[in-house]
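Read through the structures below before going on.
Two complexes, one shared chain (chain A), two partners (chain B, chain C).
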Partner chain A sequence: MNPDAPQSKFNIAASSHWRDGSSLPGIQLTWLLALLPAIAAGMFYFGFAGLRVVALAVVASVVAEMVWNALVPNRDFASNYSCVTFGVLLAFLLPVGASWWLVVIGSVLTVIIGKKLYGGWGAYPVHPVALGYAVLAVSWPSRLDYTESLVGQAWSVTMVEPMRLVKTLGASAQVDFNLVDLFLGRQVGGVGNALVLWLLLGGLFLMLVREIPWQIPAGGILGVVACAALLGLVAADRSVGPVFHLLAGSTVLMIFFLAPEHTTSPVNPWPMFLYGLLMGTLLVLIRTFSVHVDGAIFAVLLTNFCSPLLDRITPSVVGREVQDVA
Partner chain B sequence: MSILDVLKPPGSRVPVPVGCALEIVDLPAPDQVLIPLEYPGQILFRPLVQAGDEVACNQVIGRSEHGNFIHASISGKVVELKTMWAARSFHVPAVVIEKNDTPPLVGDELLRQCDIDPQSATRVDLLRAAGVVSPWTTPGHNDSEVDIEDYPEIIQIVIKGVNQEPTICSFRLLLRTRTEEVQEALRRLAEIIPQARILLAVSKAEAEWASESFSDLAEVVPLSNDFRGRIERQYVGRLTGIKVPNNASYRSGGVAVISVEQLLDMYDALEGRPCIRKTVTLSSSRDFQPVTVRTVVGTSIGDLLASQNLVVEDGDRVIMGGPMTGTAQFTLETPLSKFQAGVHVLKAKDIVADTNLICVNCGRCTRACPVNLQVHLIGRCVEFDQFDEAQLYHPTACIECGLCAFVCPAHRPLLQMVKMAVNFRG
Partner chain C sequence: MNFRQTLTHGLWRDLPPFRMVLGLCPTLAVTATAENGLGMGIAVTFVLIFSNMFISLLRKVIPDKVRIASYIVVIATLVVIVELAMKAFFFPLSQQLGIYIPLIVVNCIILGRAEAFASRNPVHLSMADGLSVGLGFSISLTLVGSIREILGVGTWFGMAVFPDSFEPFGFMVQAPGAFLCLGLLLGLMNAWSRRRGEFFIQT
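The block that comes next holds the complex of A and B.
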């Protein structure tokens, strides 16, 4: 730099000079807006017990984020609200009556191990919430039992997690569940992961405002439906129908909120579709053949690792061939 | 932007052009002009005058190696020869002229000063003597002036009747206000290059009027109002079916691309009027109705803005060109050259500053890119100095439309990063 160079009184920057009005906090606020219907429905179904878990998780996440930022300077600021969204998403996966320490540990794991250790939003290889929940699930599996928390509920539905009953009694157990009940969220589940209709509303909103691309949910739904339909042909005794898979457990949360997370999903059109397809397929396979009851989290973790690989399928660069000749 | 824009993909959210007043205001010549002796990055002129010389308007003041000329745009005294930063940030020599009352050069004098015999002058001689630079005399970014002779024959001519930048409406207005001259110019063009197919790109709103006025002279092609549909490299490739490398001249593919303004300049040149005037649209992000003015080349931005009472305060951004691809200026002394069609003032309140936030991999840049670059990866490579790695993603195919930076929610200077990947390679 030349110290004698004249200082300009104008603002200087490279083009483009217009921006489309989006921002990082804007993205996370859109996601939180999309999660609101499910939070509200959770309050309606479970009262303040559900809200308690959400609030606890959010507070713990934000505190963890701010403490880390105070100790380790980095470029991922608490002001982008990513820790709030992750707190809410983690709370959705936890039981309504989760112990406070479980929520706090889960939130801290999500924010610190899942996100901050890698450098923050934009740098982690797998969804922090999936990672945080997975650690809880292998550390305290009995503490994450959904049924126990809902003992007091006066619902006229089968009070067992749908996928658990199907896993223990075989595919024939699906007749114990009414699909409409499942759709409205009247099923045994966590604070928000099984509130199908309300999550779907939020997910459609995200797609409508182009916050998430349509390819990932479309691929996810197609993956679940196709894989469940195929399994219905070859292993009818243990496999339930596609609609049941879509409505039971965390499928909708996974397809609309966990899969399209920006950092861990591919960005090109075909890879996004394949990513969704792979995740949906894995979900049904894990549910049908593994010991895990709801495979959503593990499907997310496994597919996240594939996304850089999938993203190598790129549309060809226009003008590239001419360049090489020239 | 309207609230419904959120329903569109981010790359289509560039505001559509607003209506301009349907007139071009002629400005009087300023008291002083600063004439850069170059065409951006392409042709360098050797000055033919020195400090203290008296020059007349239209007098040749610079000559290139290959016989192209640049003219004084006002009569006056050469105050000094100096170096300056041109509008697109090239460091170039320039001539400062202070106005006096010397009468302008006219008629055969114009040709004689260029050593051209008025009796035997060809059309190309006339164009050169008038300082018209296209399409016969403009090389591409990577070509030297001499390479022009090796270009293939012109088989298609695309005439830009609409500006790429949403804030600029000079081409549209020229088409409207000088319709008959444009028609005559198109007739001449067809005479000069009878084998060429002539296309006239106009905005969709004017398609009907344009096809009534020009359909027997050129193929009228309407372009959509969306910024994506107006990106020059994109629609030229689409309309002509010929892909030209982004760093080369269209001419290497047998295509000539000129604006309506350049077409009219050529017409004027054949009529014996040198190219010393320029039409520009002045606009601002607030409290200012866009206005299109015609003034002489070399007028400073400061004089231009002052003539229309467009106030610039400290902290504002003054952009030569438009808001998508224009260049921010660090001083109001920068003169208008033949290549900028607009000046846009972005008020301090409307500026969104660039950041160095982490890329969150949302992929909007990559999905918005009209040439399918992996912008998010190029940006990250450049951020961490991996310029060789960045070459794997073909940054040279970038057409610099600015959409990647426009859609980036982290406000990263993405276009700048792609340009760095191009310039720092190897």
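The block that comes next holds the complex of A and C.
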């Protein structure tokens, strides 16, 4: 480097055409690897009933994708595995005893409406899984009741969906749930959305291999904790504690898997943090004040729409600083 | 455009609301059932034919500077006629359509045809244009309404289509279902037109 040159504030990095060997299938396979602990735990807890939903959703997603590709030529191939990941994520949100047609319709909506119609992986404005699940939740709310699907489950815990009981009976009902049970995934939920520990393992793995940035989960957790703590001061009878919010329902799935989706999340560090913060805050607000039991999906949808706006918070322009020096 | 073209352009080439992408508010708001769509379409057709007729007759009289206000007066008169007639003869339907009947006054299709066609064409062409565009609008609204009603409720014009075990796809009769249905139909029409090599593709 020329010692006479003015002190540069440029970031020195490889050119944008430099290849590091990563690929689209590689990215999605990493995500699938991160989802494996939760799939295994789901099999352990629910037996083949849980695996059935996952397998059905994956098969339906892949078939939908291949049929669409045969009809409409495009460059979003089934071989990039994105439809497999979306199938697994959608299955995680469905109840264990979901009817086969519910799973199939949800998968087709996720792949066709959520992904393909916008132009494939990398082009959609909201997470396809969130969109697919939201359509199902609007159409057949009674079919998505987690509590009903786990009637035969012999656990020594309160067999009601935690957020639902808290919503019905008020915040004092949270004493019915042991936080350790919630953490181990022994709570009423979907095929995989409430297996907190196992999802957390996958999420930490994704963060360690730099597949997802740390800012989004950090912002999400901070948003949930801060908002729940603040609400605890003003509306103590309706608001449950921050830890309960983190462990109950789909919070972990949302923070580690739905929020950091590459297409729908912002690209710069500060916007990513704000994005997570906004999502966590919205989650607690929806859970506390709306009619919906678990607001994770709606928080994801709303925040996804904000990410282009958040991305306008860009780092300061490099050339301007050099001009100031001169 | 000659008479025959004027009479048919609203059925495919300029089919509202898909080609013109005007009049989206009633398309999205009142098409929860096929019956509502058809009723709205007929009301709009009536207003469109006669507003085109009066505006075409008066096109030499209306001063250019206040033409929009004058059109609105003509259209509002006709809408009041439709509204009162509907209340008298089709009361349940008028209750269903509610505020959207008076809102025909500000329907972009009617104002658009008045401005783009009736204000510069003779009476018989203007009326043919109103009939053609109105019919196209009625067909489109009935189609959107049918799709949404069949999937969302499981009936068509109130008749059951599916056996009792059918669980309706409730999303379709809600507001986002209307957007989805409209978008899919628009996309299909464009794909079909592109395949036939037609040039009037709505982008």
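Keep in mind that, in the parts below, the second predicted complex is superposed on the first by the 301 of 326 C-alpha atoms of A that agree within 3 Å, B and C clash if a C-alpha of one lies under 4 Å from a C-alpha of the other, contacts with A are read in each partner's own complex, and residues count from 1 in each chain.
In this section, a contact is a pair of C-beta atoms (placed from the backbone, for glycine too) under 8 Å apart; a residue touches a chain by one contact, two chains touch by 3 or more.
These figures come from a predicted structure and were not determined experimentally.
Colleague: First (chain B), second (chain C), both or neither: which does A:19 touch?
Modeller: Only chain B; A:19 stays clear of chain C.
Colleague: If we overlay the two complexes on their shared chain A, which of chain B and chain C does A:309 touch? Say first, second, both or neither.
Modeller: After superposing on A, A:309 lies clear of both chain B and chain C.
Colleague: After lining up the shared chain so the two structures overlap, which partner does A:140 touch, if you call chain B first and chain C second: first, second, both or neither?
Modeller: A:140 sits against chain C, while chain B stays out of touch.
Colleague: Looking at the overlay, does A:180 come into contact with chain B only (first), chain C only (second), both, or neither?
Modeller: In the superposed model, A:180 contacts neither chain B nor chain C.
Colleague: So, does A:262 touch the first partner chain B, the second partner chain C, both, or neither?
Modeller: After superposition on chain A, A:262 lies in contact with chain B alone.
Colleague: In the overlay, answer first, second, both or neither for which of chain B and chain C A:209 touches.
Modeller: A:209: touches chain B, not chain C.
Colleague: When the two structures are laid over each other on chain A, which of chain B and chain C touches more residues of chain A?
Modeller: For chain A, the partner with the higher number of touched residues is B.
Colleague: Under the stated touch criterion, which partner chain does A:75 make contact with: chain B (first), chain C (second), both, or neither?
Modeller: first
Colleague: Do chain B and chain C touch any of the same residues on chain A, and if so, which?
Modeller: Overlap of chain B and chain C footprints on chain A: empty.
Colleague: Chain C touches which residues of chain A in the complex?
Modeller: 105, 113, 117, 135, 138-140, 143
Colleague: Quick check on the complex: what are the chain A residues that touch chain B?
Modeller: 6, 8-24, 26-27, 75-76, 119-123, 208-210, 213, 262-269, 314-320, 322-323, 326
Colleague: Touching residues of chain C toward chain A in the complex: what are they?
Modeller: Residue list for chain C touching chain A: 167-171, 174, 176, 180, 183, 187.
Colleague: With touch defined as at the start, can you tell me which chain B residues reach chain A in the complex?
Modeller: Where chain B meets chain A, its residues are 1, 6-10, 13-15, 237, 243-248, 312, 314-319, 321, 323-331, 344, 346, 348, 351-354, 356-364, 366-367, 370-374, 376, 393-394, 396-397, 399-400, 402-403, 405-411, 413, 415-416, 419.
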